[in-house]
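Sharing a structure with you now.
Chain lettering (A, B, C and D) follows the sequence in which the chains are written, and residue indices restart at 1 in each chain.
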Amino acid sequence: MHKITLLIHCKDQPGIIASVTNFMALNNGNIVYIDQHVDREQNIFFMRLECEFNSSAFSIESFKELFKNALVDKFNLKWRMYLADRKPRMALFVSKYDHCLYDILGRYNSGELNLEIPFILSNHNDLEPIAKSFKIPFFHVPVAKATKQKAEFKQLELLESHKVDFIVLARYMQIVSNLLIDKFPNKIINIHHSFLPAFVGAKPYHSAYKRGVKIIGATSHYITEELDAGPIIEQDVAHVSHSYSIKDLIAKGRDLEKIVLSNAIKLHANRKVMVFNNKTVIFS
Amino acid sequence: MHKITLLIHCKDQPGIIASVTNFMALNNGNIVYIDQHVDREQNIFFMRLECEFNSSAFSIESFKELFKNALVDKFNLKWRMYLADRKPRMALFVSKYDHCLYDILGRYNSGELNLEIPFILSNHNDLEPIAKSFKIPFFHVPVAKATKQKAEFKQLELLESHKVDFIVLARYMQIVSNLLIDKFPNKIINIHHSFLPAFVGAKPYHSAYKRGVKIIGATSHYITEELDAGPIIEQDVAHVSHSYSIKDLIAKGRDLEKIVLSNAIKLHANRKVMVFNNKTVIFS
Amino acid sequence: MHKITLLIHCKDQPGIIASVTNFMALNNGNIVYIDQHVDREQNIFFMRLECEFNSSAFSIESFKELFKNALVDKFNLKWRMYLADRKPRMALFVSKYDHCLYDILGRYNSGELNLEIPFILSNHNDLEPIAKSFKIPFFHVPVAKATKQKAEFKQLELLESHKVDFIVLARYMQIVSNLLIDKFPNKIINIHHSFLPAFVGAKPYHSAYKRGVKIIGATSHYITEELDAGPIIEQDVAHVSHSYSIKDLIAKGRDLEKIVLSNAIKLHANRKVMVFNNKTVIFS
Amino acid sequence: MHKITLLIHCKDQPGIIASVTNFMALNNGNIVYIDQHVDREQNIFFMRLECEFNSSAFSIESFKELFKNALVDKFNLKWRMYLADRKPRMALFVSKYDHCLYDILGRYNSGELNLEIPFILSNHNDLEPIAKSFKIPFFHVPVAKATKQKAEFKQLELLESHKVDFIVLARYMQIVSNLLIDKFPNKIINIHHSFLPAFVGAKPYHSAYKRGVKIIGATSHYITEELDAGPIIEQDVAHVSHSYSIKDLIAKGRDLEKIVLSNAIKLHANRKVMVFNNKTVIFS
């Protein structure tokens, strides 16, 4: 049996759902999941659909061709189609903090994550022993002002040679340049340690302390050119009090960061996220 | 324009989604919402669908007939179909506590609730002034051991003469008998002041205090024969500490109770709840 | 029996706790609550203490004098002392939204709030019937550009003649001027409908919608000269999704606003809030 | 400088706070933290206090003696006194699940936990590689029906020879016998994967699924003779929906379990927990 996941969006218009579901039925597909969303402000229709095919002769390439001819032009669809058993490949970028890394690798080990991790990359080598203990290749690519561009070419080369589908910045403490962003649009996931859009930029826990907030947060988002302004995938918060020092805020925040980032990874890896106009639609 | 909401469930089987969406398209309907759920343990398929029809000649009765002939027998469907502009009618049962009542009537007044309130009924008359200030009919139906059955007949009579669709027990402090439950299956919504199934029965805040829990909860559920064991619609919780007296727990709990009950009312009134085997499916 | 609440802050220094507790014991007081906080960044000591005196001859004025002579100069204390049975008097300012008003008055009616409400004031008269149904005096003080200053003098006059201790802006849709702020420093409580410091200013739900956040919030804070930048008393949040329209965000936000504001009122009325350097210390 | 933490409880009575704070002042101590709680139902007074002493000649043994003579008999105090720089020693018991173990060891490594881990013990050897990668001694003590008592003597021997102060059952899948409970009263911390008292016993996620709850929880508590009925230290919850399979509940629950258990460990290790009558007082 083969299972596909289809994501589409287009201008909202009558008949899309019926046409797509009908197309699947005519091609002997059994729809096992369907969900849709209409953005009424922008008049855009979004749909996510999972469909099973029993035929052993099923070919994703031919089926994509069929789908294209039947529906894509008719409705002017933007679309992506995946074979469910093809796991996406995720590169992990880290620096010196290990809490997100441990959390992700623990889940990976226990089979909770539906993805492959071809390698871990860092601008430092502090976390290499952790990579080793989980038996995942580790690349040390130092980044200094003078060598930044060279480092990025090295990164790109590794990403391409390992057929990486998306990148996760697990507290990677370097600004990612447009070179990577353009190659991986809405495919680089960052964890920012504040409740965005509050406390954009560096040292958000210090700013939170200064402002005297009663709740801190963490935000996972796709990287775009503008700092901390990309589409938000997941957010969570925790209550704090006046008795929290900056150090306490940082410790409490670590728990948020790792859970929020891991949730965002799962949503992305399971193809449940669509991006439109710098916002996400998150399917259930 | 007319809009219908359709809820169906049946044994899971291939082709249902395509058949239903196709049927709507053939009848010139435009599907504006579709969501489905498959209970894999019990192999049951659930679907909620909203569909718009432009024809001024649209008749819900004829359309129901068409739907029945085309699909109901074929898939052995259990189904309900509503006209969206027909607001459900909700009777409010209260006793002496007023916090849920104020919350519901405040929302009702502000247009947040998509329903009619034909009357408020109570076994006491303490809350009559509130009903009056909101200009809603109030019936005082005292309940004593000897007169309990007579009171219930009176209740039934009021419910029928006012064409009530569902009942909300907004901290109504009487056990509802099978007479009402049978007439309103999965249509009587209760708010229980604990995180069910913890602390079933009377005085849950006292039990929570005794056990020393760090979180209290509230649960809205449909009334069934077994006490506090009906299908759960909505739950929420709040953190508490050793410093909370029973009185403090009760005060904190009031905030939970009113929000949880109002949310359950909205879900039910918007036809987003399906019940199967004593559990709910809640559509978004 | 008499009970006092004492709030002090000063430069952190050894011996304060022992000196104060000792002073209470020497004066036949029984401490029933003590809590303290040290702000290590600014080296400031905060303390809240409740103490009971059995003597029927106890006079708060004499006791204040005693305390002042014994300790205030020695430790250079900033301090406030209250008789617990003297309820603070709170003026409610509203405009047209009623959800916070209903919530506050419902709690007031049920005895949950330890305060007096001498009057409700509004720049509109839409909510006068609600005030009437709760039997609380209502003053309509319209505010237009030309009459703004006159209106504020009228407000001040009412506040003074009714011996108001603090003001609550329950979705009052006017900027409060420095005239009032100077008379009621850290005594005007506002509810802002966002998770501050995100979305300062007007229409925060519209901004939240545009940014695509996954969580919305509400913040209760003291009014200071700078808009939405005063000391934060209480915050809470709720999860939302892409499926929420602006209208949905507003409806969901109303529940946050009323709970957060009522909690802030309770903290203030129970003298559990201290303000220092634009931040609050909230005692348990 | 030396810092002590003092925990006391006794029948509530006037003058305790003043007497204790005075005693500290007379002995040249500077109180840097004080918090108290009165259980009004049982009339019990609880206090936690931290006090610093500058004298290099300070001896905890002599000071305990002084305290005992001055105050313990007078107020009939139950008390414990610790030197802050003496880290408690925690033994970790595990079976096959690794998520709590990774979480604890990640925090331990990053310096977040104020404790020593002399060893990890398991009835299986699956997790030995993790212990090794963190360079912590690992003991494999198999438990079978016939050998259970022998295993427990082995456990006791290890606990004693390693001077263990408290035990954490990080998803250790064996019932701990009275032999250990008696030796470590309120010193064995368990994580139960439900919101107690709901779903006591085995397979709580299966029970939660069956009941159709909308929220799942995790509870950390001290082990007592009665299963899952010991004093609750910490609880947390997460929202779930009808779409969660049992497997999904288990995955979501893992995040709760690890955070709740780690929080409980921190509270215990920082001597912030007092137990009385099967309930906890948790100081801030």
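Here, a residue touches a chain if its C-beta (ideal position, glycine included) is under 8 Å from a C-beta of that chain, and two chains touch if they have at least 3 such contacts.
Listed by chain with UniProt protein names: A, B, C, D = Formyltetrahydrofolate deformylase.
Every value quoted in this text rests on a predicted model; they were computed, and no experiment measured them.
A.B. asks: Among all chains, whose Cα centre is located farthest from the one for chain B?
C.D. replies: D
A.B. asks: Cα centroid separation between chain A and chain B, in whole Å?
C.D. replies: Chain centroid spacing, chain A to chain B, equals 37 Å.
A.B. asks: For chain B, what residues touch not just one other chain but two or more?
C.D. replies: Expected reply: 241, 243, 284.
A.B. asks: Draw the chains as dots and join the ones that touch; what shape do you get: line, ring, star, complete or other?
C.D. replies: Looks like everything touches everything, fully connected.
A.B. asks: Residue numbers of chain C touching chain D in their complex, please.
C.D. replies: By the definition above, chain C touches chain D via 14-15, 17-19, 21-22, 24-25, 30-36, 38, 239, 284.
A.B. asks: Chain D touches which residues of chain A in the complex?
C.D. replies: 98-99, 102-103, 106-107, 109-110, 112, 129, 133, 241, 243, 251, 254-255, 259, 262, 284
A.B. asks: Note which residues of chain C are touching chain A in the complex, please.
C.D. replies: Result: residues 37, 39-41, 195-199, 211-215, 217, 231-237, 241-243, 245, 278-282 of chain C touch chain A.
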